[in-house]
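Read the structure below first, then the notes.
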Amino acid sequence: MRYLTSGESHGPQLTTIIEGLPAGMPLIDSDINEELARRQKGYGRGRRMQIEKDTVQITAGIRHGYTLGSPVALVVENNDWKHWTKIMGQDPLSPEDEGEVKRKISRPRPGHADLNGALKYGHRDMRNVLERSSARETTVRVAAGAAAKKLLSELGIEVAAHVIEIGGVVSGKRDYSSLKELKEVTEESPVRCLDQDAGQKMMDAIDSAKENGDSIGGVVEVIVEGMPPGVGSYVHYDRKLDSKLAGAMVSINAFKGVEFGIGFEAARKPGSEVHDEITWDPDKGYYRKTNRLGGLEGGMTTGMPIVVRGVMKPIPTLYKPLQSVDIETKEPFSASIERSDSCAVPAAAVVAENVIAWELASAIVDQFYSDRFEALKASVEQQRKFAREF
Amino acid sequence: MRYLTSGESHGPQLTTIIEGLPAGMPLIDSDINEELARRQKGYGRGRRMQIEKDTVQITAGIRHGYTLGSPVALVVENNDWKHWTKIMGQDPLSPEDEGEVKRKISRPRPGHADLNGALKYGHRDMRNVLERSSARETTVRVAAGAAAKKLLSELGIEVAAHVIEIGGVVSGKRDYSSLKELKEVTEESPVRCLDQDAGQKMMDAIDSAKENGDSIGGVVEVIVEGMPPGVGSYVHYDRKLDSKLAGAMVSINAFKGVEFGIGFEAARKPGSEVHDEITWDPDKGYYRKTNRLGGLEGGMTTGMPIVVRGVMKPIPTLYKPLQSVDIETKEPFSASIERSDSCAVPAAAVVAENVIAWELASAIVDQFYSDRFEALKASVEQQRKFAREF
Amino acid sequence: MRYLTSGESHGPQLTTIIEGLPAGMPLIDSDINEELARRQKGYGRGRRMQIEKDTVQITAGIRHGYTLGSPVALVVENNDWKHWTKIMGQDPLSPEDEGEVKRKISRPRPGHADLNGALKYGHRDMRNVLERSSARETTVRVAAGAAAKKLLSELGIEVAAHVIEIGGVVSGKRDYSSLKELKEVTEESPVRCLDQDAGQKMMDAIDSAKENGDSIGGVVEVIVEGMPPGVGSYVHYDRKLDSKLAGAMVSINAFKGVEFGIGFEAARKPGSEVHDEITWDPDKGYYRKTNRLGGLEGGMTTGMPIVVRGVMKPIPTLYKPLQSVDIETKEPFSASIERSDSCAVPAAAVVAENVIAWELASAIVDQFYSDRFEALKASVEQQRKFAREF
Amino acid sequence: MRYLTSGESHGPQLTTIIEGLPAGMPLIDSDINEELARRQKGYGRGRRMQIEKDTVQITAGIRHGYTLGSPVALVVENNDWKHWTKIMGQDPLSPEDEGEVKRKISRPRPGHADLNGALKYGHRDMRNVLERSSARETTVRVAAGAAAKKLLSELGIEVAAHVIEIGGVVSGKRDYSSLKELKEVTEESPVRCLDQDAGQKMMDAIDSAKENGDSIGGVVEVIVEGMPPGVGSYVHYDRKLDSKLAGAMVSINAFKGVEFGIGFEAARKPGSEVHDEITWDPDKGYYRKTNRLGGLEGGMTTGMPIVVRGVMKPIPTLYKPLQSVDIETKEPFSASIERSDSCAVPAAAVVAENVIAWELASAIVDQFYSDRFEALKASVEQQRKFAREF
């Protein structure tokens, strides 16, 4: 499977084309809209989330509720495009419009793609950069991920995410009786936190950051249950599944790190406390007594839950000024803004969930027979049986 | 650029074919042998490092010390292959040999690819898995990386790595006056640590782990100076350079996490202390006053040093037994071994250095004009100038 | 560069996302609409070409007439979608609609993808196949190609196509004083033929086929002038430019063969009459006295015009019945239709032109420095100079 | 599946690494050596074929006669490397050697990659080009293809090739009772021709070309029986199987065209004589009464034999001089050589066979479940059954 996305933050619409979904898989707009709505929630978001109620249009690849096997195209319109038709229009400007629209952005914001993008593509108006580097693009990544989540779900694979740290406040509760419970509880939490007390402190930290004109980041954890063992491979470095998941996580805007299982803690513990002992049961087949390695060994799934965490830096757009330089005048200036999100971690958890879902669905579709969805299901079930009886 | 590797741990040889190197670039065997030797050093390694003195044979793509533009093939022979010709032979076994060689490996080691690989490929003799999943393969990844390091070096880009944590002992010294100094100091340290005191404590920790029949992991940091700004891109998620570096780092055997700049610390600090303010100087052009984001913003190089860290779990092969299950009898057994490395972090630092070098060289070759090495050099220099004068 | 397309023949729209175009390249909707209009012309087309006046909407990647460097999305709406919302709707059918829409297509047409597609994807309603396998998809391939043609044109590279054979009638005139002349003359010809007499006979052959309820195919030739030498490569089989062009040509619906220069004639001539002698001129540098190899040697451009031809089979939808089998009843039936194009070769010439343009633009963007369009231009110009002075 | 090749014509060896073969597939060196020997036979070859008796060494990926799932590496040594160690050595030349080896090639041969390669990579010694652009590289493409043929054969898919035209002499016999018969007869023919009379005339034509100091080309036809229907896809242009086969065929050195089924004849016949009517039989399922489209419709296999032809131009190295220009002096000269093959078409038929086999095996491995060879077999068999009962 592969997908491309397009769209600028204030352009007419965002689009994704997904190529390689099996035929005959159920998929309807509400499967996608649900994820889009989840992405727009979350304590600490600014005004734009209220303006845009994202909904998807399916323009190809689905008929009467099922995939056709042909590329699926998903469109999310930008509702405020009508206010931007001149500034972001496709056509060359008329001389009269030129004046009106002239306000070029020459002041790069620290922590954004503005300056690097300008130096790369030669854009002296950095709107040409920020319109695409904006996290608005994650909307269609979530849309593509929603299709992937649906595929996984039909195969009995569930993906969930929760926030485990915001602005230094760490969730004290990591245990959950079932993924279903984890989903239900975190869905109710404005910061997607399983630990209600920590969740409240996170909201306090967000409020406090806002008051200070500052912003805060955090850590999200994605958990996946039900993957058959042996997805991914050790035979070549670029086929390792954890490598793909790491790349995907870091590709999310503002993410600066990723870890699996106990992650960086593995540098502090002896081997005897890091590895997961193997056991066997006539009904379940092989399994691990613990899951410190997060469901991945040798670049492959073990059959245990996948546990992967990513860290998001604080949003760089602050009320509190950061120093920068105007590229036209070369004069220093203080970069600050009037309003913004002060924390986007809860939304990022939804993005992470969907981005990880995409990689897993893609790995499954690549590895198993997948022209017909029924055959894919049977093929995955066969592998589960093979592993159980091995 | 792209490369494939082949070779089993006790097979005749390891091979890599590198496709896409520019023509006319200087490259000789000692450029590669030096990196191979560095990979074999390090406190805490077991006996095999003494057996194998890896040296490269160049079998294609180089003539009289320069690349031809055609694929470069590098071979590293396994010196003890002569003892393994029957066990690892390519030909079908004769009935008499069959008996001798029969000793199948049916006991998967926790923390290794053994069991997952067996479940995936249907190998009831898990030697068929471990021969390829072994970290021996990193030898040719280092060989390919050495070619990449040479390319970078000729473009004025230097790559170095050091160990900043082993078994919970953290290096107290991160500052260095120059990358040259960092290289010189860490090259002398048996654990590749810049901080001499911490280095000693790391060695003590390794000794102590060995005594306990245990193993320890650690954290390595790769630093790259001299990258032009604007390598990578924000325009599509799979073109982000940090995403590629993250994937590469986690593809190294036993690596469980990766972070850039201040990394996971970004979850604990306000935005005002995370982002790097931008300044400008008539001679240097734009630069950052700090480098908390590790030289990467918006999926692109900023021109500041790239700083990326990876965590390696402890080696899973321990004297101290871990429980597992024999796949033939389904009986539990205690997995332990007679001898092994107790810490491979210093060697992993060299692997990380070369793996990162590959990704950067590859990104540069893809982005700039690169048929002729001289033209590549000029193309990179032009971009530096463009950025300086922007 | 890469692109994906989506869209069913009677769905709401066709879409393409193009990733990798340089920033700062001029591109407006009329550049694309012109090619779309050319594709819809041509003697021998049926009614649909009159219904659909294809026009493009640019929904991403272009601002004020220039590319941004971000993915470009192009949409062409299907004007008769309003009549197909139920039959081709995305949502599951309500029970009452179910009856109305039930008319499943169970009769595969010989020569179409219907049956193979059904066997692959498990579609018992073959509308699920034919909606995507339809040549309607070439609309957006032309749209993507139009962007590529624009890029080439700005670099001084011109692409043209003409029809050299239809239904056994062969154009007697292959010489042209300039590509400009070739374009002008063939643009006026309803069958895109340079030879006016042959053109008339081709139209007669089309009329005659129509009367017989039959269809005819033909051969189109694409000519490209201005490519710098050395695009493509001999160093690896999958980097040969002619290989890519061959793959592209055959990927056009109904194309069954491709040849370069004298093509299959090379099997009938001695080497001394096939190869192009090399000469040199202080102003032009190296060039060939003849161009029998069609501008490509060793998988690379020679700098001479590229000449590539493709053969299109007759349209398989005929008034004259062909025998087939109903997949529900397994009863044989006579596949015939009420109306159709009887010849689509002139339109296919436009498709071929644009598909070839895409491959060439893509090869150039991959090979040269291409973040900024101005830098790409300079990089190509440098290579031309290098070759001239070599 | 993917593979890279390396090696210069007079370097130490040719190598290929094949990544993605399923585990547990039988493969031994004689499977490959047989194809290498077939490639070296054929009327009209020069002296080198006698010097080099190519044999393969398997250096990775195979154990005791079965694939491991890990990359397979195949090496073919160049037996005369010992005479070329200085001219083609990897190390920089010592000053004394410099003189001896200095003989640079500054005279590009028409019809070869020499000049274009020099202009691209900046090689003033064109040995740096011709060593890699030589058809010697097809040796390892055949080796890779041999592994693919083995895979196909185990799945009941047979690939054969024969020569149907040399120097204008056309084989009159295309019918064969079975592919087995075709193989047996053509294997005995020095020109791989099914028609004994035409074969004799082809040899006469080769002799006559040789006497004239000239060379001749020809047409080869590859036939594949046993492919399940539905391999390839119509849903996206770059997934069409015929597109891939066309690209592969033209990637063979000196090939200038490719066609499927009746190929270019489709331009001369009405649709009613081009398309293959569909019929059905309770035992076989759907099949075609004729096979004019060569087993491929809509970019997918139909289940009928695949028939694909490629045209090879005459070898460009002639006794009869062709004019060219010395790149140092810019003086014209007459390019001629002392000895060479005068026709390489029979050998090219073997190359074509193996190159096509690779693409088909690759398409199958990509499409079906393929970690374990037994599972792949079952998966393909299931699809055959599904199609038969559809």
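Before moving on, here are some points about what is shown:
Going by the order they are written in, the chains are A, B, C and D; count residues from 1 in each one.
As a working rule, contacts are C-beta pairs under 8 Å (C-beta built on N, C-alpha and C of every residue); 3 or more make two chains touch, one makes a residue touch a chain.
Note that the structure is predicted; figures quoted are calculated from it, not measured.
Chain centres here are means of the Cα atoms, and by that rule the chain farthest away from chain D is A. Of all residue numbers used where chain B meets chain C, over half belong to both copies. The two sides are thus made of the same residues. Averaged Cα coordinates give chain B a centre that lies 45 Å from the centre of chain C.
Taking each chain's centre as the mean of its C-alpha atoms, chain C lies 27 Å from chain D. Centroid to centroid, with C-alpha atoms defining each point, chain B and chain D lie 37 Å apart.
Along chain B, residues 4-5, 19, 69-71, 117, 120-122, 132, 230, 233, 235-236, 371, 375, 386 each make contact with two or more other chains. Across the interface of their complex, chain C is touched by residues 4-5, 108, 110-122, 129, 132-133, 137, 141, 165-168, 209, 212, 214-219, 229-230, 233-238, 240, 242-252, 256-264, 266-272, 274-280, 286, 288-289, 293-294, 297-302, 311-316, 318, 320, 322-325, 327, 330, 332, 386-387, 390 of chain D.
On the chain C side of its complex with chain B, the touching residues are 19, 69-71, 230, 233, 235-236, 367-369, 371, 375, 379, 382-383, 386.
Put simply, chain A touches chain C in their complex at residues 2-8, 11-17, 19, 23-24, 28-29, 58-65, 68-73, 88-93, 101, 117, 120-123, 128, 131-132, 371-372, 374-375.
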